[in-house]
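By letter and in written order, the chains are A, B, C, D and E; residue numbering begins at 1 in each of them.
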Amino acid sequence: MSTLAFESRPRGALAGRLGDRLMLGAVVALALLWITPLVWVLCLSFKPNAFLEQHTDVLFSPPFTLQNYTNILQTSAVGGWLVNSLIVSIGQTLLTLMIASLAGYGFARTEFPGKRYVYVICLCGLAVPEQALVIPLHHIFATLDWHNTYGALILPRLASPFGVYLMTQYFKAVPVEIEEAALLDNASRFKVFWRVVLPLSLPAQATLAIFTFLSAWNDYLWPLVSASKPEMYTLTIGLASTQGNFAQSEGIGYLMAQAIFAGLPIFVLYLFFQKYIVAAVAGTAVR
Amino acid sequence: RTEITLSRFFGACDAEYGKVNDVSKASGECGIITTLVNQFNATNKEDIVVKPQIIEWSPYYTQLDARILSRDVPTISVMHEAVLGDYVKRNLVEPLDDGFKSVGIDKNDFTPHAHRGVTFGDKTYALPFDTHSWLWHINVNLFKKAGLVDANGKPILPKTPDELLAQAKQFKDKTGLPYFAVPIANESAAQTRTFYTWVYQQNGTLFPNGPTKIDLHTPAATNALTLYDKLMKAGDITPGLDYGAANQAFENGKAGVLMCGTWVIEDFTNLSNKPGSALANGYDVVPFPNLFQKKAVWADGHSWVMLKGGAKDEKTRHAALVFLKFLYDHDGDWARTGHLPARQSVITSAAFSALPHRDAIKEISSTGYALPNTVPRQFAIQQIVGEEISNMLSTGKSVADVQKEAEQRTNALLAR
Amino acid sequence: MTGIRLSGVTKRYGDTEVITGLDLDIHSGEFLVFLGPSGCGKSTLLRMIAGLETVSDGQISIGERRVNEQPPGKRGVAMVFQHYALYPHMTVYDNMAFGLRNTGVNAGEVDRRINEAARMLELGTLLQRRPAQLSGGQRQRVAIGRAVVKEPEAFLFDEPLSNLDAALRNRTRLELARIHQRLHATMVFVTHDQVEAMTLATRIVVMNRGRIEQIGAPLDIYRRPATRFVAGFIGAPAMNFIDVERAGENGGRLTVALPFDSVTVPTAVATSSLPAGKLTLGVRAEHVVLDPQGPITGRAEVIERLGDRSLAHVSLPNGQLIVAELPRERELETGDEVRLSLDAAHLHLFDETGAAYHGL
Amino acid sequence: MTGIRLSGVTKRYGDTEVITGLDLDIHSGEFLVFLGPSGCGKSTLLRMIAGLETVSDGQISIGERRVNEQPPGKRGVAMVFQHYALYPHMTVYDNMAFGLRNTGVNAGEVDRRINEAARMLELGTLLQRRPAQLSGGQRQRVAIGRAVVKEPEAFLFDEPLSNLDAALRNRTRLELARIHQRLHATMVFVTHDQVEAMTLATRIVVMNRGRIEQIGAPLDIYRRPATRFVAGFIGAPAMNFIDVERAGENGGRLTVALPFDSVTVPTAVATSSLPAGKLTLGVRAEHVVLDPQGPITGRAEVIERLGDRSLAHVSLPNGQLIVAELPRERELETGDEVRLSLDAAHLHLFDETGAAYHGL
Amino acid sequence: MASDRSLAMPLPTTREDRRRKLRAPWSNALFVLPFVIVYVLLLIVPLAFGWWLSLQRVDLLAGTSDFIGIRNYLDLALDPIFRGAMRNTFYFVILTVPVFVLLGLALALVLNRPGRFGAALRALFFGSSVLSVTIVTLVWKLVMMPGNGLLADVSHALHWPEFLPLMHEATALPAVAVVTVWWIVGLPMMLFLAALQQIPQELYEAAALDNATRWRTFTKITLPSIWRTVALVAVIEAVLQFQVFGQAQLLTDGGPNNSTRPLVQFIYETGFRQWSFGYSAAAAQVLFALMLIGVVAQAWLLRKKEKA
């Protein structure tokens, strides 16, 4: 009833109270701690590398330069890597959302023979470390001659039970009554899922989207061994490949600029989805 | 039109050198190799195109292995001489003797160190490109302050371990600073290099019982470790530095000597030309001073190999060889990175001697040593040994423990 | 147009049996109203018919089909939930359109039906709101609208008017009656409002504790309740019950003695129909007559003035309270002494098992 | 024991103003009932008093304190939500205990109060269930119980009995009245049920579109509605309205002409009090008398038999329908011709602005 | 009420119905089918392949392999580095997981507010997660650098002795943990935010009227309502932190004295650096077993709590 009465949330109404202030104060203080290294990264990215070889503790005084960024942008392959990363990350995100949401719904809200066992087996997959799979997967993809394709970059992560687990848990909190209403409204099981349960779990969807995108975007080991052709590099691998052998001491500014450059798309995506994460769009179900 | 792929590290620098076709205009590892390739692509007469495939240095071999496994092999790859043996032993590398002959590469011109590095049995498996090694970079300004310079203003260097300890003490007393800066934190290679050097200087060997069994209890090994330990305990090594911090400390005048490689010579030289810096007019670099019986220092080299399956046909193979010849011809240009050339004729050339400090270090091409190339998994051994020595330096682990554990770990590795 | 048949339907939640072997034939096109105390299983029954709750035992058929295993969407029924269950993320319009779009009704028709429903439910201005922005009654109307637009073969209404004001409830009731006539749909309707039950129902089913107490036409249920439970449950104020003794007979009809002042009252119940054992007399407030010549004396304890009528709670000599409806012109004050008579034709008798006996 | 004072209270959602400058004094210990059509702002008002909704403008004081900024918990009120808002993860017992434990009431007392409430609300056997395992009416009773156990200074009830059956509703109503007497708490009660309003209220507030139409004692509101809106809203069936002309005067009282058959009807309204302009006559069903000598002729179109009474919808010569309550003994069939008279003493007149004029 | 029964559609009880049941709801399995296919092909099969590898002495590049049974596992049991890595990994999980749960929840609770301010703070706490591990470790190496790192500068300014957490066995792993928390605490925060969004507002209203203090509201309303997510975050974080790798490798490379080398680094080193693929595979299988035990134990504990 009170979508607009957010101010009237108990915590809002109490905003004036000391406890609330203290808490907020603490979080703001923590936020300052959090932001310091970030600001530092930003500042370093605007400094000449040669200067940084000797000084990494001077933030706001000159010299400043845009060289690090122009270096990135002038790397001829960067555009292609960016596109690769986008294709892989978006593809992986969309597919994961689809597969995980479907499975999550299946596990959370439907019955079929053997469901519990299948679910438990799927959850056990959570415990499989990525490192246990890299070599076998590489071998399998090599046998199939699939390396250096988008498919090879996208597919392996789809098997992650994380999304399924996440969606299952969130779907369980969607009120059953609303789903019942939809079933009576002649909606097929799939339609119930698609038109009713999915929209009601938007915050969870947004969260999973950001998670998946983030891990796909920053993924390193798999693209490294799977995409050996520079034109198939993702941004992470590509940018790393441009580093000289001693970049960690000689190219700090350049590295920081790379970080900003590579992090920006995720951050933008986050800002875009953030409104779903705390939005009360789905809000509270009406019963 | 023949296309060959060139898999390498050294980074990419399109922004600065993407369009430069003249190697003489470039500097730095990345700049020089990039322009070399550009120049070759622009000038070769056989319509050969070299396509570089660049990868970050640290996972380079992981990716290379993966490529071999998925039969996606580059025509030419860069490879450290230290690991070349592993690939040769698995029969993954093409022998190049015939090819060298066909394009006019003369392996007799290879320096002794380079020759040792690329030859297995009687076959040559790679084109050596350089010798890189481990040096003392010296802040002469601080040495002056410590009273450790001779009449010509040249730094006075120790000749025995005891002299080293004494001079280091003097240095510290006079300047209040530690003698050495060495990367210790998060670093193992540096320790191994220094350690190997001091073992080689004693004519020692680490593999007296064959290539799959290390022995760290030889007197040579014990001496080397003990010296290192003493220096640390005496406060002659700045604690806690990682690679970047060690360089920073040296550049900012926080230590007298930096143990580091050939690849930083150029940077420091530039810095010494900058008034106001701690190194201004006071930088010198020398090979590791001989503290024991003979001049010797750890050295490794970059080389170019043709992995089996990389050249799909004779035409490609030929093109690759043509490119190798081009690299061979331009070995002198590469030497501007600070690395020593792999060709004797270049080392003796006037052009090379004209480069700053090169005269002082060119002896390394003959005093440089490496593990016997029959020893497998040299990087892994370097990692384990270095790690254990780092433990000694950073946590005070005893020499005996280091010897025991490094030996155990290495031998377990080699047994697998 | 399809009837619904329940046979031996039982529902258990774990150990608790909430519906017990229930048999019921709902005729095609009928308007059947369920009445029963809170928690007696009305919603559960509706939900089972709709297919939202499994049947623990027994069979449900809609038309000729056994539907026990059919999914809800396939049963051709529309339901208004007691708690609405609106889609919080959809506008009112979309809430109503959802079911139609699912069955592929074309957009124009969807629009037409929704506008029609919105008009009849007075939701016209709210079509673009979300449920969270509606008042309770408005939500309830959306829930009704959602069912109505589907024009299904059978409607299941679970207390659909409980949150509406009297005037609106009246209007909506009329609209529902009209829809019923237009669509000839079968309607199953749960309500607590007796006016609703009386005016809408073809038949009323009175339930108690998961069983059916009585099925009948509205006035029958009111006038000839089958059991004491039904008699007490139907009608507001509730029927007055007085324990009585047999006092004689008058033309085959029993005369009973009230438990005080040795008052006897004639009834219209045939003596022969009655079993042995104790009897209880039942009489509705409107048949307790304020009569200066009446045999019963009492004192008005509470006067409830409801506007259109007034009720007097009169204490009898034995301390029991009896409710009488006051004639409109009659003014009475708390504490007044009154005399009452009972309308013999409308007296009911109940035996020990609760079975009822009526005069006419 | 504290009164509640609202002055100039306004509530806007974005652009929509749902409560407009409302002034109201709720006396300490009073039982105030809100009546009004769906969506008129009753729940919003309650929620503002409780502190769940911010006040866009104006002031709310409880006792002497201005509470606009006070958090809900500090206002000393208990509320029953229209949609219950039970804690789904707690048992019935814990739902009720939660508020008490929060204020440090000791366990014994908690137990005592809950058992007392459970008894009075007939929840005894359900205390260990979760809300999802309850029927609608049971949930509603838990919601009431949760408020009642707190024994607060003021209760806010938002349609608390809407899902209960008539019998239970009656009993609960009595219990609430009893609690009111015992605690002398201020009660604010929203309902759609006029019997509830009539029997419980000390005063009734009739709201319409965010404004107060009338405040008064129950019978006053019924008998002397201040506006045509109130007249039409209160009472079931709704009051009959007929447009009339002035036809003369009789002892200072206006006589009006009905719009057909040139029938004139005397009223008890003083002519002098009336403004110029058109007039509408209002008469309740119970004051439309079936009278063989009556001046009005009509035809019975629909007979609604509600058990305790019957209503005839009679069409007048001009086609308008008028509802008359049938005397109990009188049987009438659809289609019968009838004659009606209107009870002069109970006729109401409304001017063009809707203001009402009464006889007595 | 947000009850958590699954839609109890056809759950018939008579024998005849039970027979039908076996047929009818199979269609629901279609929902999970896409995942199951991917899961089997891309997880189960490679995992089994990895298991097979772990029983061999393999040289992938040479294409040779000998079946050696459980030799690799026996070797692991005796390998002090592996045992150290195991200890480090457990220690790291214990250090970080509770922090992720508690801090993530605390941040989510405070920042679950509309308006720009909350949004900005949320973005800030999330912001660090977008950085790659290389950058994160580089920056923190600079922070903790001896001499003129940020930490050193601060301690100089305060005249404290210089604190070099990465240099000491006792503090190195906690320092890695701090960096990890800084890096990705935004993720549990988001999971909690999403869960908080699902709690019906009216429950808070009822609680507010019930005089519940903040703390009571939190423990009695919020926590029970998001308990599933608490379990989720705890399990997920445990799974993630068991696999800690990049930070440890890049900050300390396992040192000092093997005090920060986690299992995954061990697996990586033995596999990719030392070419002991079978040995590496065996270590990976051990990690799998450990995580499985850890996750199952945790899920079980949290589940019990949920029921209680």
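As a convention for this text, contacts are C-beta pairs under 8 Å (C-beta built on N, C-alpha and C of every residue); 3 or more make two chains touch, one makes a residue touch a chain.
What you see is a predicted model, and the numbers here were worked out from it, not measured in a lab.
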Count of contact steps on the shortest path from chain B to chain D: 2
A-C compared against A-E, more contacting pairs: A-E
Whole-Å separation of chain centres (CA-atom averages), chain A against chain E: 15
Centroid spacing, where centroids are CA-atom means, of chain A and chain B in whole angstrom: 40
Cα-centroid distance, chain C relative to chain E, in whole angstrom: 57
In chain C, residues with contacts to at least two other chains: 51, 71-72, 83, 133
In chain E, residues with contacts to at least two other chains: 1-3, 5, 8-11, 60, 145, 148-149, 200, 202, 205, 207-208, 225
Residues of chain B touching at least two other chains: 59, 62, 69, 244, 248, 252
Residues of chain D touching chain E in the complex: 47, 50-52, 71-74, 77-79, 81, 83, 85-90, 98-99, 101-103, 130-132, 139, 146, 150
Residue ranges of chain B in contact with chain A within the complex: 9-16, 18, 28-30, 52-57, 59, 62-63, 66-67, 69-72, 243-244, 247-248, 251-252, 263-264, 267, 277
Residue ranges of chain A touching chain E (in the complex, touch as defined): 1-2, 6, 9-14, 19, 23-24, 27-28, 31, 34-38, 40-41, 55-57, 98-100, 102-103, 105-113, 115, 118, 122-133, 135-137, 139-140, 155-156, 158-159, 161-162, 164-166, 169-170, 172-176, 179-180, 183, 189-190, 193, 201, 203-204, 206-207, 210-211, 214, 218, 220, 236, 240, 248, 252, 255-256, 258-259, 262-264, 266-267, 270-271, 274, 277-280, 282-285, 287
Contacting residues of chain C [partner chain D, same complex]: 13, 35-39, 41-44, 82-83, 133-138, 141, 158-159, 162-170, 192-195, 198-199, 218-219, 222-223, 232-238, 284-286, 304-309, 325, 328
In the complex with chain B, residue positions of chain E that touch it: 57, 59-62, 75, 79-81, 141, 145-149, 164, 166-169, 250-258, 269, 272-276, 278-279
